[in-house]
Each structure stands twice: as C-alpha cells, then as structure tokens.
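After this come two complexes, each holding chain A, first together with chain B and then together with chain C.
Coming up: the complex of A and B.
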C-alpha cells in the first residue's frame, strides 16, 4: 500500500547556517586537541583527557534524557563494564596487541549486551519512564556489588591497578580522547537533527501517538540504550587505558548521578552543553578539590541549585538561539492512491464484549465494514463509542469476541502492529507532538511509508492530496514551521486528522474529527472524507454527534446505546427512528 | 459600582514572541450572557486564559466591577467570584467525581450545597460520585467540568467550548442550566463557542474575534446567525 512519489528526489539539506558555525567549532576543537599537548602541562593533559572521556558519557546521558526523555542513572554501569572488561583482560591475560583488540571488542560487546538487557527490562511491556529510571538505579548498584564481591579477581574495593596499557603517552591519549569526543559529538549532532533522530523526541513527547503512527517505540528505545551502552563501554576502554586504574566507583550510581548533574548544568537537549558541563566541572574540580576538598562539593551543589532556578537551559543558554526557526519545508503531493476494493469485509467484529470488572461497557457487538464504506457511529455520551474504537485498534485490550482486519485477528497485537495491518486512529482529544513543529508532525506520520534518514532532514514532505486539502482549508499550511504547542484546539484536531490520513490507512477510525471546528470547516472536511471513501476506496468508522454532518457524509449509521449496537442501517431510517430522536432532540450544531 | 461586570480595554497578551491578543476591547454587563465566536486560532481561548490570570497581560486593562484586576493570580480571581470551565483536560482523571468536585470548594462543609446545585443540572453525576473520573466519556467529562464551575456560584463565568462532543439533547440541557443560573442569580457569562445555534440561542449578545481583536458584535436576534456565519466562512 505504499505509494511512490513521482516527483524527482527533493533537494535535501544537511547544513543550516547554524550548522556551518558548529562545523567551524568542531574544526577548531580538533585543532586544539591535536596541538594542545604542545602548550599544556602534564597534569592538565591528564585531567583534560579524563574530562573529555566524561564528556562523551555526558552526551550519552543527554541523548537518553534530553532527547529521548529517559532519565537514567545507569550509564555508569556500562562505562564500568567496559573499563573493567578492559582491566580484567589486561590484568589476567596480559598485554599485547591481540589482547588489546580483545579488550576493545569485549568493552563494546559486554556493555551493549548489558544495555540491551536493561533496555528490554525497562521498555518491553508498556512501562513508564519512571520504571526505566528505577531500573537504571538498580543496575549500577548490582554491578558495584559484584565488583566488591569479586575478591582478588576484580580487585574488590581497591580496584585494579598496574596492568599493562597501550603505550601511547599522555599527549597521544589526550589527542585520542579529544578526537573520539569530537567525532561522537558530531555524529550525535547530525543524528538528533535528522528525521530519524526526531523519532526520539516524538516518542518522548507522546509515546501513544507514536505507537499509533506505527512506530515500534519500545524497539527504538531499546536500540538507543544498546547503542549508547556500547559508546559508554568504549569510553570505559579509553578510561582504563589512559587512567591505568579502575575502581568500583566508576560503575556506581554516584558517578551516574554526577553525569546527570553535568548534563543539567551544561544544558539538556543540546549536544554541546553537556560536553561543556562535563569538561568544565571535572576540570575545575580537579584544580580546586586539592585546595578546598570539602568546599568544592558544596560549591557544585550550590551551583546546581542556582542553575536549575535561574538558568534552566544550563550553560547552553548562553549560546544565542537561532532566529527565525527551522526553514519551512516544501509540501508535495503524492498521486491519488486507490485502495483495493474487494467485496470481502475489511473490518469484521463478532460478539465483542468489553467490561471493567462488573461494569460492562460493550456487549454483543457485530459489525462489518467494507472498503469504500463510511460508517458513522452515533449514540449518547457514555454509550461506549470511544471504548469501541480503542478495542478496534489495540489488540492488547482484553475483550471477548473477535476483531478481524482483512481476515487477520488483531488479538494480542499492540497498536503499532494493528497500524501495520492498515488502521489509523484519531483520538477524541487531539493527540499530537507538543514540542514539534507542524511539519515535523506530518513528516512523522509518514515514517512507516518512507524510511526516515539518519543523516538528513528532508526539505520536502510529500503527502496525499487529501492531507494537503485538510491543511489548506484549515490554514495549517501557513503554520508549517510553528510549534504545535502554540496551536489552538481546533488546529490540533485538524493536524491530527491530517496525520492520520497521511498514513494512508485502509481503515480510518475517527473520534469526533470535527470537534472544535467551525461549520464551514466541518463541511469542507466532510467533503475530503467523502472523496477518500467513495472515490478512493478507503473505509472509515466515524464517531460523531452532529447529525447534519453525519447525514452529509455517510450512507450508513450504527447506533450504540448502553454498550449495545441497537441499530444499523441507512441514514434516513436511523435518523428518523424514535430512539435517535430521543437522544438527539435538541439543538443541532450550526 | 459600574453597570459592567467585566470591562476589557486594549488587552494584549500572548506566548513567547507572539502577541495573540492585539488590543481586545469588550464589555460584559451584569447578568448578561455574551457568546464569543471566531475561527480557530483567533485568540478566544487565550482571552479566557488571560482573564483568568493564567497568561500575563502585556498591555491594556481588565476591570471586574470597575476594579482593575490584571495581574491577579487565578486563586484570587476564583475567590472573588470568577468561575472558569476550561476546554482542555481540566479534570483529575485518577480521582473520583466526588473528589474532583471537592477540590473546587474551600471547605468540605460546602459539599452538600454544591451537590444540590449539581443535581439541578446534571443529576446523573450524583449517582456516580465514587466513579473514577477517567472512566467518564468525553461528553460526560464536559458536564462535570461545567458542574464544577457552576456549583461555586460565581458572579462571572468563563466557559470554553462546553458543547464540544456533547450530544444535542444534553447541549439543550446545558443551555437551560445556563439560563436558569442567569435568571436565578444574575450571573454574567462569557461563552466561547463553535456551536452557533447553541450560542445564539443562549446568549444575549454575540461578538466575533479575528486575529486577536473583536471585529463585530451585536444583540442576538434572527439575523445574527447569517452575520456570524459570514465572519466564520473561509
């Protein structure tokens, strides 16, 4: 069901003006780390080497916390695992090129395996971000205890020291750490700005909406944790070699918390800020902790509180923000896509019953919807209409009876898997991505159709014509680069509707799609829905209170009353029935 | 005492660098229901939020009974007879209906009286006081929002799109409840609405907002519908 855009590949853009500045900064950084050893004393070199390794760690915390919204205290565990893997190999197996290679591989693979396990525990089943944070507290504690319990093998509380390390010299370790930091920072910077990187922010903003766009949110989160576990492990390898000592503290949650302080002070959600925070605080700490060992911790504490209160954006707040926002992407039209029209029902519900304890919400529901049909569901408030849509789109809801989509049972399938069967759902209260722009939301709605790039941000978004119609008639096309948080209630409704249609689902589930819109906007949206169903063969199930609107767009109405489907028939017969009259006697929406 | 319950003059407010309200001038008489309409994104909700002290005023004045109140916090306004039924997610979804109502009261001893008030307009809520609010349907939540705002017997009630997602017969009940409040206690109501029929039916006067300003207004009469529709057309 994927369409191919006929237009030529859109011009893509990797760099903005802001980006050129950062490239210059990166080159300057590179020059500094390569030439630094010529004018820095040995103590400063050693301290800064460590600081730069810590800065890599701060960036991993920033990606998890600042971008993906996962507050983690556990990055130290992966760092410690990498460092200890290295130190253990070098202590017990000995030096030599092949052992260094073995240590490098293990310091990558072990932490990744550990991180994948932690990620799976944290995200595998509808868990909350808080749950992930708690697990991230536990893992470093367990690992530290294991190190303590390891006796002479792990060096217990005194750690491991005196093992052979790579003979690079302080100057070259400084250069190596610097280059690794700059490369990792640049890579992170490119990825978080790419279309794929925006997925992380989308999942943070609204995991439910992301799942209903077909994004496998848990998998993305687990992959991110695994990859960053690997980076932490490599940082641990560097640390164990450059520092020539590993101690249990580096795997502990105290160190994990320190990384959070660096990230917060530097500026969460920016790549540069946390790196600056880590280097600044660690370097200052090394300089000052000798002179005032106790006072220094107090200063850091006060600084932290002051920054949180007065500079919530951290050190990065000193960097002027780019004016004028992101460049406005162009919109392109996809050719009209005809859905398959076979006579078999697309949606088939039989004997559906849903209850919460003794409270029965839906009972004995049978319904078939064919391609090209637009079925309106009406009924009084509290009749179970929204619950009905949820049971059609989330197979993990416990129900009796069966829901078949194109002949496949949805039982047990989470929303993203039901979406993959060709279902799109619009919620009653608009569910969009608050911190993103309108264009980014639309782009995300297409991720399952067009794989997002890890490197670039598309300058052109191609959307089905029906979506372009919705955007232009609600005025959203003039607000593409505006953040969703500034949109009015009705505009959010329209944006979510546009996102759902952009997915080109075979079955569109709409919960009061025109709530909060003016009469004129309703009429125009109604025409778009008619075109989608009658002309293009989409199927739609629509919850609506406005009988005039229902009459305008649909031929078939079902009535849901006290959890039962009491009527199913052509519009006029249903609308003129006594039951519907009694429910709807009142003011029609004008 | 002035005749006006609420007087807004040259009101400017907004978010970030953007001024959404660009000099709103509007007066609401004591005991009057005013329907404020307009297309999406014109600033209707922002006006209510600014009046309620949730967004800072950047210019102009707001007077309640002739007293300037711009800059007063929401708690002060609530304590001084302003009620607010917001549009989005104002209910505590994990609390019971009873607790959602209790939270709006200063003292628990006021609860019986408040419940009596609720029973006049939406008696079904009383049968379900211990039900978790999150299990109410969208339309039922709207009724709870309005009940909670009305039971404190405010002198000025700000209502944001209360008819959205509510079945027509209940919309009619809401209209009746608002008019009853007006007749019984002389409450002044600023009603932001998309449902034109409901709004013009219940209100004494209408006003239309466009790009942060009031551009037209008048008494509600037969011809108003077409005038407002012209303003709302695309």
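Coming up: the complex of A and C.
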C-alpha cells in the first residue's frame, strides 16, 4: 500500500499561464483555418494547404530531433509511403468510400510498419546517434529507387496522377489540413510537457543513465519512430488527396533534408517554431521560386548554415524562454520495503574472467553476496574494480564464468534488463540528467515502477522513505525545482544515490561514492548505506579507496589486486593483513 | 572475364570516391556532407579547364588545388566552430553542399556538361576488349591506397593523425597541435574528393547534382570500414562486387542501392563492420 492510495493528488494544473496563451493561439488558429478560404485566392489556398501538411512533417522531425535527439533525414520515406499507398489504391482499385477508408488505413499501417523496421535497424544496444542518422539517409533512397523500379505500377519517375480523390474542394482541403495540423501540434505540445515527454529528453541527454534506471531506451525510441511514422503516413494521405499527384521526390532524401531546414530555421525543441518554419519557407518559396528558383534555394542554404553556426535554437531563439512554469511537486513517502532476508546468495559470481585481447583485467573471481550484506571492494588503481562493477551490471560484456542474480544468469542481458533483476548502479562520476531539475530526475528514477503519464506532470512524487532521508539529510529536498547543472559535486553524488535507491533495487553497486566529498558528506552517505543494508536488507557492493571509511561502514572486505580477488574476509582481518599493507604501500607484486 | 574486370574497376571507383570522406571521418569523426559538393566541384573544374582549352589531365592538379583551398576554408569557417556539436557539423556541411550546388547551378545552368574524356580506347585483356580508362582507375585506386598506407605509417603527419584517431585528448595534452592536424586532414580529404570528381567525369553525367548519387554509397562504405585502409579496400571489393552482380542479373536501379543496403544490414548485425578492434 502506498500513501498515494489515501490521498489522491490533484493533477497538476494543465493550464498554466503559458498554457492559456497557447490555447488561445490554438483557437485563433482554428478560426483562421476555418474562415481562411473566405478571404484567400485559390492559388494561396492550395499552397497553404500543402504548407500546413509540411508543417505536420516538420513537427514529427522536431519531436525526433529536437526532443529525442534523433537526427533523421528519413521522415520523407514514411510520408512518401503513405502518399503512395493512397495513390496506388486509388489508381489501381479505384475511388469509392470503402477504398478511401482502405487507403487511409494503409497509409497509417504501412509507414508504421516501415518505421518500426527502421527503428529496429537504428536502435540497438550500443548503437550510435550517427548510425541512426545514416540509416535514416538510406531508407528514403531505397524507397525512391523501389518506386523507380516499380515501372507503370508506381508510375516510375513521372509518378501517379489523375487518380480519383476525395471530392472536398480546395477550401475544405485547406480546412482539413489546418485542423489536422492544429490537433497534431496541440497533442505534441501536451506530450512533450508530460512526464513521458521528459523521458524522451532524458534518453537524449544521458542514454546510459536512462538505461541504468531500467528504461528500455531503444524500445522507447522505436515506439516514437513508429508513432511518428504513422503521423507522416497520414500526412502523406492528405497530400496525395489534396495535391492529386504523387512523385518519387516526396519520398526522397532531398525532401527529408528540407524538413530539417524548416525545423532548424523555425527552432528545434519548440513545437510552434518548426511548424511556422515549414509554412513560412514553403509559402515564400512558392511565391518567390518562380522568379528566382536557384537563388531562393541558395538563400535558404546560406541561412541554414548561418543558423546552425550561430543560432542553434533557430528563429524561436528570439523569443525568450520562460522558465519555472511548473510548480514544485510534493514528495510522498512509500513505506520502507523490507527486503527478504533469506540465506540464499543474491549475487553469485563464479570463475569470472575478463580480458581485452591478451590483456587480462579480471581473472578467476568468485564472490557471493547475501541480502543485508555490505561488501567493500578495495584495491589499488588499475586492479579492475570498475570493470568488475560493469561486468556485474551489463550482461552484454563478454566474460568467461557466470554472474547470477537471484539465481538468474545475466549473460546477454543489457543494463536495463539487469536492472529489472534488481540491480542499481551508481557511477564514479555522478551520472544524472544535466538539463533537468532535481524533482524531474527523481521522477525519472521511478518510471519503471510508475508508468509516466502521456498528458500531464505528476504533482506528487512518491519515493521510498530511505530516499526521503537522503534528500532531507543533504538538503536536496529544498532544491527540488533547481536544475541539476547548478548543483555542487557532493549534491550530485547524493542525488544519484537517491535516484538509485528510488528504484528500490535489491543490490546496489556503488563506485567510489565518497570520492571528492567533504568529511561531513562522507559520514552522511555512510549512515545512509548502513541503514539501507543493516536495517532494510539491501545488499551493496561498494568500491572504495578510503580504508578508514570502509572500516566504519562495512563488515566484509574483498581485495582486488592485479585482476585477482586475493582476500575476502572481515574488516579487521583484511585491513590489518600484511598483504593489504604491502599492496597499498606498493611493495608486493605477487 | 568482363564481369571480373567490372567488379575490380567498380571497387576501384568506389574506393576513389570514398577516400576523401574516409580521411575526414577517420580523424575528425564527422561525416562530411559537403563531400558530394567537392566531387561536383572537381568535375566542374574539368569542365572549366577544358573549356579554356587546357589538357583534361591538367584538371587533376587544378582540382587538387581548388579542393584543398576550399577544404581549408570550410574547416576554419564551419567545421571548427562546431567541434563540440558533431551532429550540427554534419548539418552545416550539408548546408554548405546545398549552397555550392546552387552556386554551380547559377554559374553553369542545370544542364549536363560533356567535358572531353581523359582517356579513350580499349585494351585487350586476355582476349576481352576492355575500357582502358577503367583499368587506369584500377591502377589509380591501388596507388592511392598505397600512398595512404605510406603516409599513415611513414610520415610525421600520418603519425600525428593516428594519435588523434586513437586519443585526441591525450594527443593534445602531449602538446600536439591537434587543430592543425584536423585542418590538414580536412584539406586533404576535400582535395582527394575533388580529384575523385575529375576522375568521375568520363563515367558519370556531369551536372550540379551529380555528387549526391555517389554520396550515400561512399558514406556507408566509410561507416563499415572505420579507420582502416585495408578494411575500406575490402569493403569496396565486396560491396562493389555485389553491386555489379545485382546490376547485371537483377536490375541496374536496385544495383545502385545495393551498397547502401548491404552496409546498413551489416552494421546492424555486426556493428564493427570490416574494422577490427
């Protein structure tokens, strides 16, 4: 039972002042697109219809690139797939209501399938952002060539034209495109401000930390790409109907990069910017390119380079960003979760050996850790301590021997899957989310336990009592709405520890949690660790240099020396042994 | 026999086109999107030079010069300020590519140009008559590869470049002027690309957007090869062969994307590509 059950928190006010303004803007937009056809001539109407469809595409690019950090050149492929699915159905099967419905469904489903495939190709454990970008280049090129190869079925290089379309008339297509754009923009706006939206930014800023919070980052990225592939497909459906022509270029790499230009010029990381960028550039382009086709492209190209160099936030950079709109969330307490104290080992390492080519880092390591134990790993620099922790928390590291967690072999499991087995890892250099606030970091540490909302920010963060203790002892609870980038070194270390504990792991791995901390901070972290292990039954493996600190908090020490586990025993026996003295004074080498 | 020669010379062509990109990616770790523009510039150097009545062969050193100069300018003005924003550097070089292509279009028009060929005729290879120019390309690729290896292994610049490739921070900490290494590399990469553009003229249509069609294949080859010249050569040979076979037996249109698709799949299944770690 959580506290949450007793006091249902009021959802955070969706309509902040900022929000009210944007809703007014949305309503104004709706009025304009509904009444626009009364004032605009036919040419402008047609151009703007196209521009608004493009604006939807710019928003999809922006969600991927500006928010999730995936630079994609390939959104045009999904747009093209939707448009061609529509045109092919209407050309080869014919018009009629049921065929329009079929075309609509296909233009949603086919691009989504394609996007899921591209996502699978682009995102996997240890894939790089550059690789995803390169894949996004290949997809539209392959699709375009496939269209060329399709002969008369796909219309080859001249495309398809003259198929039956929905008989709405220019004015209603304008209204349809406008309403679709405003709805999609509003939806995007709500989502990027929700907890789920912050998750995207978290994955962009620190994918490693996200994975070690148990977030399946690749799955989130693939889902996002699939969903936005669907949106692009629908935009393609609209385009094929309103424009009455499809040509291979709309699926191509050139069009894909065009969307990046709109997004960059309008302002990535905002919703309105890219939409306005697309409409502005496409509309102006239609007006001017007749008179000076190459010059217009040239101007856009120069503007783009200058923007990237000097104004990475695009034209939206001229508008000052409002900060601190969201109120500070309240903290709620989860009752302390007593870990089961059975005598079976939680962690069991047998015969672990890790080498890079001929260089052996770890060799013949055997170790068992039971619930409630705090095991300190000591050893000189280069003894393999950090590598050891990595091999305990990332099953994709190639090792010999076995690592069992609660009896399950971690071999082949990426960090997020090992986290799911109940492991939390704190890094040597605090790994937190630099662009976020303290509260947002803590919220993210709980996403695997509490599904983040797609449409709002939680007004209340419930955390295990042990975490609340860390926060109040360190004073972090008074800094909930402050950005992490402004925190001191010690505060970051404490915050990361709080995040790890908030996941309620059964085994906590800590890599030099006290390095660079003051005496007071060190004592504090020591107390927290003692409470977690002795009172609550967590298990912990701690890497530490400071023998005095180790002596204070742990009962059992293992010594790693030159990749081997040379001692394992009670504190005093190990600390006072000749071997440890000689290792630390640098004498012994065997 | 003709098929084997096709494979060898296609691989050579891919190697020559990818070489400039490879140099830049190896050291600067950015994909230079302006590569397509350098190729185009090289080709138009030939158009310009032969238009002025110069011998087509003279366009090789000319392109080297033009490419090198533009490369140096680009590094200083665009790439260097974006050193810490690699994805933005990619975008900026792409924007530069657009600008160059539009300038060329403004200057020369959109139409296809037909500069005189560097070399004509055929040679009899074991009973099969074969284009002597393609054989020349094969020789050029081999020479280029050997020069690469020699420069990397035997010269100070090469050693510096290797140091930057392995650990740039350490190289800088040791007092190496890594900024200069990056600039020279970018200059060299651009110059090689421009020369590749000249070498393309007899085989490819010369128009402002000619570079784009070569770009993706070159990207993908560099991605699977990492920083090893041998891996690049091997990749060109394997995927060049695949391209020739698909073009011959299936469809030339699909052949043109063979390299890109195979590379993408290979990277997904075996992320290290042809490079050994």
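Here is the rule we go by: the second predicted complex is superposed on the first by the 562 of 590 C-alpha atoms of A that agree within 3 Å, B and C clash if a C-alpha of one lies under 4 Å from a C-alpha of the other, contacts with A are read in each partner's own complex, and residues count from 1 in each chain.
The definition used in the following text is that a contact is a pair of C-beta atoms (placed from the backbone, for glycine too) under 8 Å apart; a residue touches a chain by one contact, two chains touch by 3 or more.
Here the structure is a predicted model, which means the values were calculated and not measured.
Using the contact criterion defined above for the overlaid structures, shared-chain residue A:382 touches chain B, although it does not reach chain C. Of the two partner chains placed around the shared chain by superposition, neither chain B nor chain C is touched by A:61. In the overlay built on the shared chain, the residue A:264 is in contact with chain C alone; chain B does not reach it. By the touch criterion defined above, A:473 lies against chain B but remains apart from chain C after alignment on the C-alpha atoms of chain A.
Of the two partner chains, chain B is the only one touched by A:515; chain C is not. Using the contact criterion defined above for the overlaid structures, shared-chain residue A:133 touches chain C, although it does not reach chain B.
With both structures placed on the common chain, the touch criterion links A:560 to neither chain B nor chain C.
Shared-chain residue A:305: touches chain C; no touch with chain B. Overlap of the chain B and chain C interfaces on chain A comprises no residues. Every residue of chain A that touches chain B in the complex is listed here, in rising order: 356, 359, 380-386, 428-429, 473-475, 485-491, 494, 512, 515-521, 524, 545, 547, 582-590. Residue ranges on chain A touching chain C, taken from their complex, read 71, 121, 124, 126-127, 129-131, 133-135, 137-138, 141-142, 145, 148-149, 253-254, 257, 260-261, 264, 294-295, 297-298, 300-302, 304-305, 308-309, 312.
Taken in their complex, chain C has these residues touching chain A: 31, 78, 81-82, 85-88, 90-92, 94-96, 98-99, 102-103, 105-106, 212, 216, 219-220, 223, 251, 253-254, 256-257, 260-261, 264-265, 267-268, 271. Residues 15-16, 18, 39-42, 44-45, 87-89, 135-140, 143, 161, 163-173, 175, 194-198, 200-201, 225, 229, 232-234 of chain B touch chain A in their complex.
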